[in-house]
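Report on the following structure.
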Amino acid sequence: MSSNDSHAVNETRLRVRYAETDQMGVVYHSNHLIWFEVGRVEFMRQLGFSYRDMERNDQRFIAVVDVKCRYKAPVHYDEEVLVRTKLKAVRDSVIIFEYELTLAQTGALLAEGETTHIVTDANMKVSSLPQKYLEVFRAAVGK
Amino acid sequence: MSSNDSHAVNETRLRVRYAETDQMGVVYHSNHLIWFEVGRVEFMRQLGFSYRDMERNDQRFIAVVDVKCRYKAPVHYDEEVLVRTKLKAVRDSVIIFEYELTLAQTGALLAEGETTHIVTDANMKVSSLPQKYLEVFRAAVGK
Amino acid sequence: MSSNDSHAVNETRLRVRYAETDQMGVVYHSNHLIWFEVGRVEFMRQLGFSYRDMERNDQRFIAVVDVKCRYKAPVHYDEEVLVRTKLKAVRDSVIIFEYELTLAQTGALLAEGETTHIVTDANMKVSSLPQKYLEVFRAAVGK
Amino acid sequence: MSSNDSHAVNETRLRVRYAETDQMGVVYHSNHLIWFEVGRVEFMRQLGFSYRDMERNDQRFIAVVDVKCRYKAPVHYDEEVLVRTKLKAVRDSVIIFEYELTLAQTGALLAEGETTHIVTDANMKVSSLPQKYLEVFRAAVGK
């Protein structure tokens, strides 16, 4: 697979909702984590997987164990945000995603983040990614 | 049971969170529904029930089928809100709650609402309230 | 303007986020109000207006004073929801929107709702819609 | 001021809301950031300040520029969470808070986090804490 593999980065757009703003007139900072998740799900869809099916059919869950977010610029109501998601690392039971939020119109950096996940079964016990996911995830790391 | 039965109305206080405000400088209107639920759960706790246990142990769920809310005055960050919850009606599989939100400090009316619920089992099929809940709920109606 | 004016109904799609679900395994019911707002904003954009600019440039706000929602079917994670928004009524300082949420894939009805708004100035005093909005809004009623 | 100054750590309790859970049956991870803020505001109140007044009267805002959260155990609906907040560092325009979330009933650790803030004016320009806050904050660091 070449280093510019189009599967390796997902770009998803979303528009800021009024409910996501706070009285400072900008997006409240916990919403960035929800947007990271939107990116993560679309990243997986681009790889050919549905996280919904992974939960339903394979009884595997990707629980968040660590979150980091650096806020670079305020985000405003009705702006279009580009969420760029990529895989930083994958091991049997650990997955690390990286995110970049930019303003779609100008490319200005809004925030950067990283989430670490462990794979669990339906009882929240640490488990491992089914082979079919693991292979595709590994091929997508760091691209 | 007398008409001024103290079990018949629940009063719960909560403080407005920054995350609940929007860029208009007031609480975003969907949060009132979340506060109604806080009131509903405390109402049940006051009757001697835990909604958590009802779900866990009795496999009964109270799904929302109808919501009405009239907003009377804006609510601001850090204000203390009093949620008054009472039961309007109970039938085997239908429960109707009424709510009043007031500003704790002044008693000013902030919002009024009503939620209608159907009782379901874990598969979202219409079911009925277990007898132990039904009796206590019936005694608390309209008080 | 003809009665089947394409400006009169807005259809907007959104995908259910994980954060919008609750432990019953379906979308928590306050999110529908947020989706109504997404529809409302897109409805206005389709009419040629930006609600953001109305706030910024004209200092007019559309505050929610009444909300009704009837939930017809549970909505699940990752489903695509179609939000149909139309104007029910417009007066100088009052606007009533109607909404229909359906499952994009099947057309199944998920919820119906209505929101009533008053037009305010930046100090939350009742005001009226600037003429440029009022004319276009009136033309779009009930279509 | 002694090293066990009771002003130096704030402990606030909150009860998990249904709306905060997701379909995994536990609290969705972005809510922890909202709880950190609840702790932060109560910490300031304990020091004798109202963050609301700081915004209103002094036109100073505490914008989040960095968030870290490590999730140690899932949090469930209706559980009581103890938020312990303390100040890690204070400089003219930078404030760093630390948080610990534990289960009130057992003391079990649920999450640990840290938020870094810059002080801004109403136009989001970097500013500094008014002297009256700065002195009290400095006295409370690391206690």
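Per-chain residue numbering starts at 1, and chain names A, B, C and D are given in the order in which the chains are listed.
FYI, a residue touches a chain if its C-beta (ideal position, glycine included) is under 8 Å from a C-beta of that chain, and two chains touch if they have at least 3 such contacts.
Remember, it's a predicted structure, so these values are computed and weren't measured experimentally.
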A-C against A-D, pair bridged by the larger set of C-beta contacts: A-D
Chain separated most widely from chain C, comparing mean CA positions: D
Type of chain C:chain D copy interface by residue overlap (half), same or different: same
Interchain centroid distance [CA atoms averaged], chain A/chain C, Å: 28
Euclidean distance of C-alpha centroids - chain C vs chain D, Å: 35
Inter-chain centre distance, chain A versus chain D - centres from mean C-alpha coordinates, in Å: 25
Chain B residues counted as touching two or more neighbouring chains: 18-19, 23-24, 26, 30, 34, 77
Parts of chain D lying in touch with chain A, wherever the complex brings them together: 23-24, 26, 29-31, 33-34, 55, 61, 63-71, 74, 124
For the chain D and chain B complex, residues of the former touching the latter: 15, 17-19, 34, 37-38, 41, 50-52, 76-78
Residues on chain D engaged by chain C in the complex (per definition of touch): 18-19, 21-26, 28, 30, 77
